[in-house]
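Chain lettering (A, B, C, D, E and F) follows the sequence in which the chains are written, and residue indices restart at 1 in each chain.
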Amino acid sequence: MEKRGLFIGRFQPFHLGHLEALKWILSREDRVVIGIGSSQYSHTHKNPFTLGERIEMIWRVLKQEGILDKCLFASIPDTDEVHSLWVAQVKSCCPPFSTAYSNDPLTILLFKEAGIPVMNIPFFKRTIYEGTRIREMIAKGDREWEKLVHPEVAKFIREIKGEDRLRSIYINKTRK
Amino acid sequence: MEKRGLFIGRFQPFHLGHLEALKWILSREDRVVIGIGSSQYSHTHKNPFTLGERIEMIWRVLKQEGILDKCLFASIPDTDEVHSLWVAQVKSCCPPFSTAYSNDPLTILLFKEAGIPVMNIPFFKRTIYEGTRIREMIAKGDREWEKLVHPEVAKFIREIKGEDRLRSIYINKTRK
Amino acid sequence: MEKRGLFIGRFQPFHLGHLEALKWILSREDRVVIGIGSSQYSHTHKNPFTLGERIEMIWRVLKQEGILDKCLFASIPDTDEVHSLWVAQVKSCCPPFSTAYSNDPLTILLFKEAGIPVMNIPFFKRTIYEGTRIREMIAKGDREWEKLVHPEVAKFIREIKGEDRLRSIYINKTRK
Amino acid sequence: MEKRGLFIGRFQPFHLGHLEALKWILSREDRVVIGIGSSQYSHTHKNPFTLGERIEMIWRVLKQEGILDKCLFASIPDTDEVHSLWVAQVKSCCPPFSTAYSNDPLTILLFKEAGIPVMNIPFFKRTIYEGTRIREMIAKGDREWEKLVHPEVAKFIREIKGEDRLRSIYINKTRK
Amino acid sequence: MEKRGLFIGRFQPFHLGHLEALKWILSREDRVVIGIGSSQYSHTHKNPFTLGERIEMIWRVLKQEGILDKCLFASIPDTDEVHSLWVAQVKSCCPPFSTAYSNDPLTILLFKEAGIPVMNIPFFKRTIYEGTRIREMIAKGDREWEKLVHPEVAKFIREIKGEDRLRSIYINKTRK
Amino acid sequence: MEKRGLFIGRFQPFHLGHLEALKWILSREDRVVIGIGSSQYSHTHKNPFTLGERIEMIWRVLKQEGILDKCLFASIPDTDEVHSLWVAQVKSCCPPFSTAYSNDPLTILLFKEAGIPVMNIPFFKRTIYEGTRIREMIAKGDREWEKLVHPEVAKFIREIKGEDRLRSIYINKTRK
């Protein structure tokens, strides 16, 4: 049977660091399950884009890059702070895979405690390609953000007026 | 058909700034739906009063002010960080309205993305009539807070021993 | 202080039996808190109307009947089968009241176990004015249903195309 | 290390069949974790007693029988129909155990799929000692139910007026 | 921009009727978003397979049929009986689409009330290709079920011992 | 009937200050219900250990100390910020008790508002025996933490590789 890796992330947004990581995983596995985490959230600092928007931006990039047939899409709702259920949630939401790939210490811990193989991903210019930083740049109107994501992602974010959304989210102070 | 506005707030507590805002909206609309947000929470820093207590304090003020028949009451539980469902939640919980009124950037963003007309409310001495500040004054025992709310609200908060409650909430450190 | 009763129901829809019950309670109490239960549900057999729609239909009737100032509105989300939390939920969602009114055995049991006074309501032609029966009549297109509700309710249900909705809900078989 | 079994049930109420099963498991294991399932529900046909009431009735029996030190108590909230998370829930809620004991086909299936050893329990007069039947007897006022539970359980159910509660629950038709 | 349809179903399991429907939609649209509904449930009568298993079986069929590049995958957790939030949930979980396709009366009603175009799908031998019937055949060991699904689906269900699972689920009586 | 106190805590982990408090309560009551709060959380800064692990560590200490028969175990899932339901949750989850013991201002407030007797516990070297501090020591590899818990707790935490877990949790920055 084919070898499959699980690539877990929130992809807020999907940036060039994610694309490099995906290609690196694909160099080791036959196929990759792209597991979009914290799938239920949107319009927040950490999670500005909806699940559907994240699927769309990743799908457009993979299509453009010609690797759509190498990937399966899955979405994983957060179990909030009930972390003891999270690995079961992942297994239930994703098509079969044998190795998980992540750099997040808690993700790695939870997979290890559940006895599932988990691997680190070599970082690709981490300080540059970093979700928090890119979201801040978008919110502040620093157009350099467009160079940190694939042209398809930049185009899509403009289509959905993502810059306006991020600006509104970042100036929000009062709403709980 | 009559023109209706939706006035959304947490009203923790309902203060004189809220009352001014309500009167301003009533000068533009035939009737106002008072939408009490984050309705499920209570006994926290941001939301010390229960939904029932908030209904009571607003109701007493409107009665005193003779504008009870101009208003309908609705309560809107928070969808937490699942903001993509929030406008649907509002529409489901509230009697029909055509324009929403709010000054919260995220609220405005969500209504705009959903194609619902939303308007800003001119602030009435914002630095003075501000929920966070009033809650802190109550917690600290600064009796000046009573001047920032309608006498009916001050009376009701004393009735339910709201000052003791706020004091306990503000000194709480350890509880999650 | 004024005497207040709590009138709990799902009001799907608010019918003439409910109106009679409300008037009977008003003959015993200074004021009535109308507690709309199972508030989060809609578009189901038991709960076809949204909370906002239920508030609207009751409000129009009370206005027409001139008893709006005798009533306060509250909504109470169901705690599903976690019934041990339900009375606390009611107390949190409703402005203060001293006696609850209901004919539902479980509601009566829960209030009694919590030590809250609860009273039965004399039925007004129960076999005629009964929610389940009225919903079935609407779904089947039996126009006699309009005689079982206040004209304001009949008018509102037609406005929101409630007959179409109930028909769709009742023929639904496959959706969970 | 000591050998531990997990005995899973809803214990609504804890009856003599449960006690026999527990003793049988204790004959095979050093210690037993009593896992009270569907722990959040109460006041329903299937789950009339609260979690606290179930802990109390089991604890009194074990104390009377002198096997309290052989048992640990755990409670397991239902994950409703999200069964893929249920085994993770059990493992998170219970102190360590090596074998699960149950006669419920779904429970057995879920443990098997998760690779956890699970065993059937020989039935002790199943048609007689059966929760559904005992609850019906209590609701109908058939005093023979007292012979199907340990005297401590019968005494406790009377103390909390469990017969009244079951009667109210069973006649309830209208509440969702 | 390309024309996109949304094909909503629970796909428990994905059968030949679904495949025909998908092909019919593809004859009218450039691309199809496959929206897997009730995504959180599994191991029940109506929803025996996990979300991951459903993604896998559909993905294998589309790959075999050479239409993988015509489809995007999305999963939509049920909002239970809180139907007023369901369309917002769909829009949040799915990449952009312009028309929804479904034969379920409630689904059609909800989309219509939200102002989203929705179309019926011509049935393809409905009495034969029907989820409930196929699940019962699997549970009963009637091997004819394999002819009602794509060979890739039959193979996958055998791989994950789906027949054992369905048998256990169908004999289950006692578990809530 | 015997006098029972409720001792509420998160016990993350159960330390010598907790043991002293328990003994002090036992000097005033016939028996103590140990109510493990925030029971659903684990693998977080404030709640690193699962409910099952907390039951195990407390159980081992009580067994070693010979006070197992003086205590009953109960677990209380957090109602998050819906504090108005919390006391009802406690009463539903715990076997009967007459006095609650806690030093947390919010816990005390909630019990008082519900009319349930609640008492402060004299602190036993609070600056030394403090959960937050002990968790930080474990995370940082400061072996002195072992002196702040009962030897049985230290042994158990080592058994489950609790030090590794805490280290991973504390370095986690990116996961929500």
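The rule is simple: a residue touches a chain if its C-beta (ideal position, glycine included) is under 8 Å from a C-beta of that chain, and two chains touch if they have at least 3 such contacts.
Worth saying up front: this structure is predicted, and the values here are computed from it rather than measured.
Q: From the options B-C, A-D or C-E, choose the one that repeats interface C-D, i.e. more than half of its residue-numbered contact pairs are shared.
A: Within B-C, A-D or C-E, the interface duplicating C-D belongs to C-E.
Q: If you list every residue number at the subunit B and subunit E contact, are more than half found on both copies (same) or fewer than half (different)?
A: same
Q: How many Å are there between the centre of subunit D and the centre of subunit F, using C-alpha atoms for each centre?
A: 25
Q: Take the average of all CA coordinates in subunit E, do the same for subunit F, and state the distance between these two points in whole angstrom.
A: 46
Q: So how far apart, in whole Å, are subunit A and subunit B when each is placed at the average of its C-alpha atoms?
A: Chain centres of subunit A and subunit B, defined by C-alpha means, are spaced 36 Å apart.
Q: Which residues does subunit B have that touch at least 2 chains other than itself?
A: Within subunit B, the residues that touch at least two other chains are 40-42, 47, 50, 84, 91-92.
Q: Assign the assembly's chain-to-chain touch graph to one of these shapes: line, ring, star, complete, other.
A: Topology of the interface graph: other, matching no listed pattern.
Q: Can you list every touching chain pair?
A: Every touching chain pair, ordered by label, is A-B, A-D, A-E, A-F, B-C, B-E, B-F, C-D, C-E, C-F, D-E, D-F.
Q: Taking the touch rule as given, give the residues of subunit B at its contact with subunit F in the complex, in rising order.
A: Result: residues 40-44, 47, 50, 164-165, 168-169, 171-172, 174-176 of subunit B touch subunit F.
Q: What part of subunit A is in contact with subunit E in the complex they form?
A: 39-40, 42, 50-53, 55-56, 59, 63, 68-69, 72-75, 77, 91-96
Q: Within the complex, which stretch of subunit A touches subunit F?
A: It is residues 10, 38, 41, 46-47, 78, 81-84, 103-110, 113 of subunit A that touch subunit F.
Q: Show which residues of subunit C lie in contact with subunit F when the two form their complex.
A: Contacts found on subunit C: 79, 84-85, 87-89, 91-92.
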